[in-house]
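First subunit A sits with subunit B, and in the next complex the same chain sits with subunit C.
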Partner chain A sequence: MTPAGKAREGKLASRSVQAAFLVALIVLWYLATTRWGVSSILLPNPVLVVRQLWDILKSGEFVGDLRVTLTELGIAFAISATSGVTIGYLISRSHYRIRVLEPLFAGIYSVPIILFLPLYVLFFGLGPASKIALGATISFFPIALNTIAGFGYVDKVFVVAARSMGASDVQLFRYVLLPAALPIILTGMRMGFTVALLSIIGSETIASLAGLGHRIVHLAEGMEMARMFAYIAFVVAIALILNTIVSALEARGKRHT
Partner chain B sequence: MTGEAAIRIKGVSHHFGEESDARHVLALRDTSLDIVRGELICLIGPSGCGKSTLLNVVGGLLAPTTGTVEVSGKKVTGPMPHDIAFVFQENALFPWNTVFENVNLGMVFQGVPRAGREARARRSLEAVGLEDFAQHYPGQLSGGMRQRAALARALSLETGILLMDEPFGALDEQTRMILGEDLSVLLSRTDKTIVFVTHSLGEATFLADRVAVFSARPGTIKQIISVDEPHPRKPDFVTSEKFTAIRNQLYGLLHDEIRKTVAETGVTAGAEPAP
Partner chain C sequence: MTSLATTLRSWLRRPWIARVGAVIALFVFWEIAARWWVDPMFLSPPSRVLMSLQAVFDTRGVPAALRITFWELGVAFAMSVVIGLVVGLAVGLQPFAQKSFMPIILLLYGTPQVTILPLFILYFGIGPASKIAFGVSHGIFPIIMAIVAGVQNIKPILLTSARSMGASRWQVLRHVIFPHMIPSFFAGMRLGMTGVLLGVLLAELYVSTAGIGYFTTLFTQNFDPTRLFGLIAVLAAMAIVLNEIVRRAEVHFSRWHAD
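Presenting the complex of A and B:
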């Protein structure tokens, strides 16, 4: 067998183990609700959940909340990506600024910023603005830190080689610094996107007026457990799709480097 | 040697760091040298003797602390992309560009109009035997092929002067030998002036019209040995008595300097010349 064929077979084997694990989990869930007497208030029957999910999709009820969450995410990520890359680049241009600001940013990045949600709500209200501000803050740090790392540690020999051939400042940036830094910046953007999504949905469940997180909590408070689980499944699917898209974009930008 | 000087090095010294600094190093001391148009001169010496420093000063990548360098009568104050091209030790190709794009980009930086670039890129890739690898990325090539590509990039700039900083230093002995032979053939067809830094006595003897031997740090040129043998040099030159005699003479000159360097730094790695 060819090495490629072997690799494919290995991948197939691990994929089937993963699928079997998920199927087993659902079977256990089903048995727990039908045979082992777990209360449907705690854990609704999976068949019921699927029926609810179908209803949600068919009725289009999810559209409003999905739009709110995706708009918040889009604006938050646009803010953090532009400001993170710009500020990261400006910092990377001086050793002094890297030495002072990089550890500071890394320190703030390790603080769970979601703790400041009440403050954000006070400042920006219960609506989307507070989610956007929080998501933008949280995703700014991985993007800025990776931009600093990307631009700040470009191999000096590339810069010297370009200069020796007469590269101008603009050419140096366009043809050397940017392509050298891009893979690391893209990784930062993927990380930033993921934490923005997590923090926005998370903060919607804590204090909000609309959005997918808001809907889930609302259903929980109304004891509509099957529908709540259906929404959770829906959000998981959306998150998976978004992360797949972002990872694919990242891989595309990293070709050949 | 007679002829017009392409590069005139006058009283060049260079130190790194401030005089008061603990890390202050005098790398190069009061060095003068005239390099004749069309010759290949090798700079050879113990580690840290300042031969690479001198190359960078000549290329305008480092400003000398004292002294001046003139290229074609002009004082060097910064990179001179129209007169001087570099080949660095390794990995100076941009890994995100194909071989062709790398060669092309050098000409973009130098300011060659678009119309002329393609043909020049093809020509220089053919000259180094890489025409079939134009669309490969550097990561897909062997070390020797990468250095050929770097040489093609430098050739495409069509400068009168080529500065090569241990270009084959990271390659194995066999690859190095072949590249040396090919370089000698290539050079016999051009009238380029070449300054070639190397650790290898054999490489210096095989390639150079003259070999400048450096003293231990703070380095300066101790002696210049002429190698009177026309280019392209044949592989059997290596086994000739003349080759052996020159190589041994270089070894004798270098040996004491290397001992001095080792005694001073306590470091032996990389200090001994390759055979």
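Presenting the complex of A and C:
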């Protein structure tokens, strides 16, 4: 057999293992709920879950909560992206500032910022403001740190070469600094987006009035398990779609520089 | 006067002094803001928070809650490391298993686990078990990924030559794979610790009967920012210490690999 054919066969085999794994999981789930008498409060019937999911999608009940969560996410990310890139850029312009402030930012970043959620709730209330503030804080650090790393460590040779060829400040920024820094900044933005999404859904779960995280908790407290599983599947799908879109945008942005 | 300015300038030239200065300036700003500008119901000056640390520890149940949270973190981290190591080796050492199961692990790692937090409470109760389980679910994936990456990075020639010199499976594992895995293993442990902290604290804040989540809720609802700040400061210090221990261990154990 040719190596290419062998590789294709290997790929097919591992794909079928993955498919078998998923099918086995669903069959076990189904059997557990129908045959083995696992309480429907712990594990609802998968058929019921699919029906509920269909009902949620058809009735459009999710629109309100989805809009709340996405609005929070959009505002939080807009705040952290603009402030993170601006502050990161300003810091990266001097070695002194990098050496003073970068370890400080990295240190704060290593503290689990979710700890401050009770404070944010105290300051900003139970509504969207506290989620926006928390999401913006958490996603600020990866964006700012990557902006510092992007602009701060551009190879000196490029800068000197551009200057000696008579580049102006604007030209230096446009043709040397920005292309060198952009891939790293985009990576920071993707990381920031992911943690912003996580922390917003998380803080909605812990204390909130609306949003997808709130909806899941609400259903859990009402013991409507099938609908809750359906919502979990929905939120996971939304998160995966958003993360895929952001990764694709990141890859695209990197290609264009 | 000029000599004072010169000393100040020469001090500020050292980055770490300037860094401490920036932190102090932040605290001074906070102190001023809390004393004169902001409603004391919401913000409490750092001096008062520092003074109240004793009161936080004297609050009935807080020391026990801190102990429980610390214990949850420790157990969750230990379980993440053990399970992560076993799964990581099982998946990483077999190319076929890796190709089959890595996408599934990546998919699980990419899902926002916080959506299933209510399920953890449902299955494991509102006690420490659910916090440990949720912490493990956050800590285990970075460790698996790091171990798989570490196993992958071993040069095939080392494995081949060990085998051709007649090493048994166990000997290859013990003398070739383990030593080469150490740096990525500790890198994974550091990320795993970050995950465990996030998972346990999220679950604590969500619902808690005896851990610190109970007290953060209590202090928030009583509009007692002084003690809330104090408790959060203690927890942040705990997180920093745990992170630092794992980071030091990483630096220490990956030193031989540098040359």
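Criterion: the second predicted complex is superposed on the first by the 235 of 257 C-alpha atoms of A that agree within 3 Å, B and C clash if a C-alpha of one lies under 4 Å from a C-alpha of the other, contacts with A are read in each partner's own complex, and residues count from 1 in each chain.
The criterion applied here is as follows: a residue touches a chain if its C-beta (ideal position, glycine included) is under 8 Å from a C-beta of that chain, and two chains touch if they have at least 3 such contacts.
Predicted, not measured: the structure shown is a model, and the values here were computed from it.
After superposition onto subunit A, the partners subunit B and subunit C occupy separate space and fit alongside each other.
In the superposed model, A:59 lies in contact with neither subunit B nor subunit C. Once the two complexes are overlaid on the shared chain, A:39 sits clear of subunit B and of subunit C alike.
By the document's definition of touching, of the two partners only subunit B reaches A:165; subunit C does not. Shared-chain residue A:180: touches subunit B; no touch with subunit C. When the two structures are aligned on the shared chain, A:103 is found in touch with subunit C, with no touch to subunit B. Ranking subunit B and subunit C by residues of subunit A touched puts C first.
Put simply, the three-chain overlay gives an angle of 90° at subunit A, taking C-alpha centres for subunit B and subunit C and rounding to the nearest 10. Nowhere in the superposition do the C-alpha atoms of subunit B and subunit C come closer than 16 Å. Within subunit A, not a single residue is touched by subunit B in the first complex and by subunit C in the second.
Contact residues of subunit A toward subunit C in the complex are 10-11, 13-14, 17-18, 21, 41-42, 96, 99-101, 103-104, 107, 110-112, 114-119, 121-123, 197-198, 201-202, 205-206, 212-213, 216-217, 220, 228, 232, 235-236, 239-240, 243.
Against subunit B, the residues of subunit A that register as touching in their complex are 155, 157-158, 160-168, 171, 175-176, 179-180, 182, 256-257. For subunit C in complex with subunit A, the touching residues are 15, 18-19, 22-23, 42-43, 96, 99-101, 103-104, 107, 110-112, 114-119, 121-123, 194, 197-198, 201-202, 205-206, 216-217, 219-220, 223, 225, 228-229, 232, 235-236, 239-240, 243.
Residues 59-61, 79, 81-82, 84-86, 88, 91-92, 94-97, 105-106, 108-111, 137, 139, 157 of subunit B touch subunit A in their complex.
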